[in-house]
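Next up: the structures, one after another.
Next, two complexes with chain A in common: one pairs it with chain B, the other with chain C.
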Partner chain A sequence: MHDFLTILPLLIIVFGAVVLMLLAAFEKVSLTTAAGISMGFFAAAFAAQLLAGCGPQRLVFEEIFNGMLVAGNFTMVAALVIFACGFFSTTSSHTYFQVNRFDGLEFYSLLLFAAAGMVLLTMAAELITAFIALEVMSLAIYVLVGYDRNRVTATEALLKYLMLGAFAGAFFAMGTALLYGAAGSTHFTAIATVAASEAGSPLLLGGAFLLFVALLFKVAAFPFHAWVIDVYDGAAAPVTGFMATALKAAVFTLFANILAIHGALHQGWVEILFYLAVFTMFAGNLIAIGQNSLKRMLAASGIVHTGYLLVGLVAISADTFTGAVIGYYLAAYAAGTLGIFAALSYLGGEGEKRATFADFRGLARVRPYSAAAITIFLLSMAGIPPTAGFMGKFYIITSAIEAGQIALAVLAVVSSILSMWYYLRLIVAMYFQPAEETFATTGSPWAGVGTIALAVSVFAIGLYPIIV
Partner chain B sequence: MFAEWLFTAFALLSILGAIGLILFRHPMHGAMSLVVTMVSLAGLYALLSARLIFVLQLIVYAGAIMSLILFIIMFLNIQTRDLPEEKGRILYLLGGIVLLVPVASFLIKVVKSLPATEATIVGSGFGGVKEVGLVLFQDWLLPFEIVSLLLLVALIGAVVLAGKRRFVK
Partner chain C sequence: MFSYALSVMIFLPILGGLALFAAPVGRGAARAIGMAIALAVLAMGIEIFLGFSPVGGMQHVEHRPWNLSLGISYSLGVDGISLLVLMAGAVLFPLVYAVFTTRTKGFYANLLLVQGAMIGAICATDLVLFYLFWEIMLLPVFFMIGIHGGAGRLPATLKITIYTIAGSLLMLAALIYVGVAHQAQFGFWSFAIADLAALNLSGGFTVWAFFMFMVAFAIKIPLFPFHTWLPDAYTEAPTSTTFVLSAIMAKIGVYGVIRFVIPVFEIEFARWALLLALAGVAGMLYCGLAAIAQKDLKRMLAFSSASHMGIIALGVFCMNVQALTGSLFQIAAHATSTGVLFLFVGLMEERMESRQIDEFGGIAYQAPIFATFFAIAMLASVGLPGTSGFIGEFLIILGAIKFSIFIAVLAGTTLIVGVCYMLWMYQRVFFEKSNERTAQFKDLRLAEILTFLPVILLIVAMGIFPQAFIGKIEPAAQLQVAQLQKGGESGGIAASIDLAPSPHNHKN
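Here is the complex of A and B:
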């Protein structure tokens, strides 16, 4: 019975996706209804996940699923983050689509399917399951990215992401094949046994290498980060928000789960992950400083946040792995990023005409509340107390110090200070420059409500560890 | 010994087919080249005594999917003059090869370090419909179930991206 409760949130999401898919065939269903249903399912899944609770990691339906699904506190947090991302992406999309008319009911269905793939990915304890879940998630996201068929940048983003994503999928499959050769099984437990007995086995090394290439591509880490700017820029603002947060949460959960299967495996990759983290942070910062478009800047800052999460991965210890630090950072990062993309969804206007730093000049004079909310999100991403972003970075950096990675901790702080430049640049533009336009917005207030809720949750997540 | 020769031949053919797929300019030639890869993969599966997969590879991939691809290419009636100019593709290819050399040499090292193993004789039912079915529905039930999700998403995606769009209120 308890096993059923554990996968109930996943079942709710899949059921919702199928319901929305069927509803898309009826003419009478309006976009608002579909968005409402989508929000309802995300909220229900969130509530179910919260109520079902969890505990230490254990296998779900061990007999029937042959030990291919695990659930625990870490997967629960990841699922909560994904469901919340889906919920707020839906509110943003609803407002966005009233101005940018390329909607369709299938949009929400695909959003739910993507979330289902992500949750499966976090729970996977076996590589083939993980691969299929990864592809479910990726396929849905590809379609969401290219949803606006009339915009050339969206099509370009779709094509780039699809081609490179297919490459990453091939790397994943090849890595799985080599790991199967090493362990004779694709279960994480079997791979852990091999990692313990013969850590330097070439098959294990090659398999893990190819697997990590695929995962690093998905999270846009250093040598594989080039696609992210164009893809995030080409996708619609709510989709970009969803990609930047939920997708990263899902893939990083899998990444941490794989690294944590055995200490020897983690040890072998610490040094490489160290350099990857450093290069990711600084490459992201350099790219972000040069951008004029807000979405491109946020895409680049997403690379920087990937770098911090890699710092978190370097610092985990496979023996006492709980994922608490990474889960917390994912939640904190998701709140800030989703918030700013929600704000962009309703302030962007038709065809996202307000896109650059200059377009947001003087926003504080005309719309003080929107400007205040954006400021909160930017400060959280920059890591200013008492926001969630500060606590997230605090935990990441202290965990790095505890793991003995002092240099990495220092570099993370330096990168965090560098990132102030482009976050503050928008705040300066909003507050200290005269307004040139009225920032009139049309459409439903849902994104606005979502923005306020996220601004509150930035503080709530930030204060949660202090209060509890 | 004979099996090893067969393996080498099929492996070479499949790689040549894949290279042809990339290098041929006309999509029809590329598709024909892909058929070579598909058929030689079927040969490799047969060498592994994977009977069911061998048949499926021939019927589904080399047969159904390839004829669908050919049908679409013919349907679109692509001529050489419709194809875009590809300037400097040799340079891109060379650049890609240079980038891939370290990865490839690493993988070759991995493959070379494999210990030699004796071929074992598999049981009489190995790779048959019944045996694959038993493994698929007992040990691999979860992947089998979530593949249905994957196919559903692909279906919806194709409709959304290519179908006629009806705008709702």
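Here is the complex of A and C:
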């Protein structure tokens, strides 16, 4: 019974997905109602997860369902982030679809299915579960990316993502097979124990390599980052926001869970992760600096944030792992990124006609509150206090220096200096240049409300340590 | 005085500024609100100053834990080191609202934010809290220059912003390193400056961390060779912002060195003091010479300000009580004199629509009171005996002689450069022939005279009765220098901590 209570939020989401799918099949509800139902389920799951978190303090990793899943504070925080991402993506989508009419009732059902896969992924303790969760999540995301089937860029993005994602899935499956061959089990703990005793085994190395390639692909880390620009650009703004935040949160949670389960696994990979983190940060920055389109810039800056999270992964240690640093950063990053995509959802206009930096010139003169909110999100992503992004970066750098990775900490700082350029560029365009249009928007106010809520939560998360 | 005075001084302007952004009020009302808040802060500042007892330690202390897991606390306090910096800001801010009457609501709101953040940075006794305010301080300046600046404002804004943020982020890394080192040595997290002062830092990364701090502060001061953002930013910024930047923000750079770098990195500081002092003198000389060549009055003052910041920084690097006291005194003296000069230039620009020295002339005949006030502020800036500038520079040179005769002689002679450009400028602007432009210049109105008079009197009073001010700052300066010397002696036996293994060390 306890096990079921632990996964109650997940069950709520799955139930919601099925309900919405049935409603969509019989076309009994309006789009607004469907969005409302989706928001309701996300909110209910969030509340259930929050209530579960108020219970007695649990272990870092508590095994449930005979060790098939793990649950703890870290997975709980990740699930909260994912539910919040789903909630705000729904609000953004609703407004977005008022002007971009390629909506369908299934859209919201797919969001819920994707979220279900993600939450399951964060709790996976063995590879088969992880694979299933990964595919549940990915299949839903593929459809969401290509949802606007009349648009060429969306279709192109879908094709790219599907092909590469399928490869990544195959790598994951092959890696699982090899690891099972080496360890005789698909459980992370069992694999880690074997890895500790026979470090050089080729089956183990090959399996782990394939597994990591798949995970690095999903989080868009160097050298598997190239797809992310086109895919984020092609997908609809709310979907991009959902992918950039929730998906990254889910995969990074799994990543951290695998690495933290046994010291041997982490030590084997720390050196490679070190270089991957550095290259990811700087590759992302170099790509972002050259972009003119906002979504492409945000996609590239997402790569940079993946780099920071990899810094966090380098710094974790199996003995003292709580996931707090990574969980906090994921929440902080999610609030900022979702906020920008929420704003883009209602400011982008029909067919996302406002897409480049230049298109947002003078926004502050016409819509000061939207510009202020976007500024808050950008400052958070850039890590300027007192926003959430600053505290997130603070924790990441602290953990890196604590782990003795001073060089990595300094490189992370240098990378955030570089990133100032493209974050400031948008602020400069919005505030320091004259307005050329009225930025008239039609549609529901939900995305706007979501933007305000996220702007508030950027500060709330940033000042969270006060509350603790 | 009630016990949360400092918090009120910080958050009254910040909340007032935020409220102004949202409130639908006109610019007149916005200015009145800003003025009222600035005056309230000034009243509290005066109250603190008068009630300040001249002992070394912190007063008006506020402390509450904030982030327990990392030992970050919300700690505030005022001592002799921060007192005059705090007062300079409190005295000068009301003038901005009095002189610049035509700005927009957003501008006044930004001014309030920057004032609150500055007071926060000055009063913070926790390194992370200081960093928060230090960074927040930059944002209003970014918007003030970017929205209200001159024709070349965009490059100037980006330059100052990226420059200072680069410095700040490096400082962030160093700051965290210091915190981690404290945890490693004492077993608990703390960023309180009193705790960090107990650290024995040594090892490979310490010198890097020291320079990361120094670069951040050097950019803000600005210390040669990190001054290149300054001429553009000071010239392109609206004059009220230039005033804020030069009169107060630059001082917080020096203050940061005294408050945080000296106690934490006493060994490194002693080791590199000569190099830094040379940088201070070089900046003095370079910016002084550059000032002579300027045609734009505001740009000339910008270089002059940078040149004077060089000598203030020099006083800090000499590591003795006289020089440090002189620097702290000179911070207030320079803030008042240069601040007033920038305000006067802003006034001239508004009335005569020019800043070119060539286009002025004969103002003294049209506006004798204005010319007198300008002369007093200018003479204080060049350090004429009887004005505030003399005391500070005298003490600094005195301390510099103890530190190094060579540097003292260099600094002393460089002061003459300051006299050159200032008097030459005064001659061209206020004497010689008046022209069409200056003939229309009206002298200060009574209200304006009454606005500036207190500050002018303060400049003279600081020159004639310096002891009233020095008495308050000297005990704190003595404490600080004592700490530095103790650190210099124990340098050899510092416990070594090894925090910097390369990533390769993790491989089994």
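We adopt the following convention: the second predicted complex is superposed on the first by the 450 of 468 C-alpha atoms of A that agree within 3 Å, B and C clash if a C-alpha of one lies under 4 Å from a C-alpha of the other, contacts with A are read in each partner's own complex, and residues count from 1 in each chain.
Methods note: contacts are C-beta pairs under 8 Å (C-beta built on N, C-alpha and C of every residue); 3 or more make two chains touch, one makes a residue touch a chain.
On a predicted model such as this, the values are computed, not experimentally measured, just so you know.
Visitor: If you stack the two complexes on chain A, which partner ends up touching A:120: first (chain B), second (chain C), both, or neither?
Guide: The answer is first: A:120 touches chain B but not chain C.
Visitor: Identify the partner contact of A:177: answer first if only chain B is touched, second if only chain C is, both if each is, neither if none is.
Guide: In the superposition, A:177 touches no partner, neither chain B nor chain C.
Visitor: Taking the superposition as given, does A:421 touch the first partner, chain B, the second, chain C, both, or neither?
Guide: The second partner, chain C, only.
Visitor: Check whether A:205 is in contact with chain B, with chain C, with both or with neither, and answer first, second, both or neither.
Guide: first
Visitor: Once chain A of both complexes is superposed, is A:164 in touch with chain B (first), chain C (second), both, or neither?
Guide: So A:164 meets neither chain B nor chain C here.
Visitor: What is the contact status of A:133 with respect to chain B (first) and chain C (second): first, second, both, or neither?
Guide: A:133 contacts chain B only, not chain C.
Visitor: Once the shared chain is lined up, is A:401 touching chain B (first), chain C (second), both, or neither of them?
Guide: Touch partner of A:401: chain C, not chain B.
Visitor: Using the touch definition from the top, list the residues of chain B that touch chain A in their complex.
Guide: The touching residues are 106-107, 109-110, 113-114, 138-143, 146-147, 149-150, 152-154, 156-157, 159-161, 165-169.
Visitor: In the complex of these two chains, what residues of chain C are touching chain A?
Guide: Contacts found on chain C: 21, 66-70, 72, 128, 131-132, 135-136, 139, 143, 146-147, 153-154, 157-158, 161-162, 165-166, 169-170, 172-173, 176-177, 179-180, 183, 205, 208, 499-508.
Visitor: Per the contact definition, I'd like the list of chain A residues that touch chain B in the complex.
Guide: 14, 18, 21, 27, 29-31, 64-66, 68-69, 101-107, 109-110, 113, 116-117, 120, 126, 128-129, 132-133, 135-136, 139-140, 142-143, 146-147, 149, 178, 181, 202-203, 205-206, 209
Visitor: What residues of chain A sit close enough to touch chain C in their complex?
Guide: 267, 270-271, 274, 314, 324, 372, 379, 383-386, 390, 393-394, 397-398, 401-402, 404-410, 412-413, 416-417, 420-421, 424, 428, 431-432, 465-466, 468
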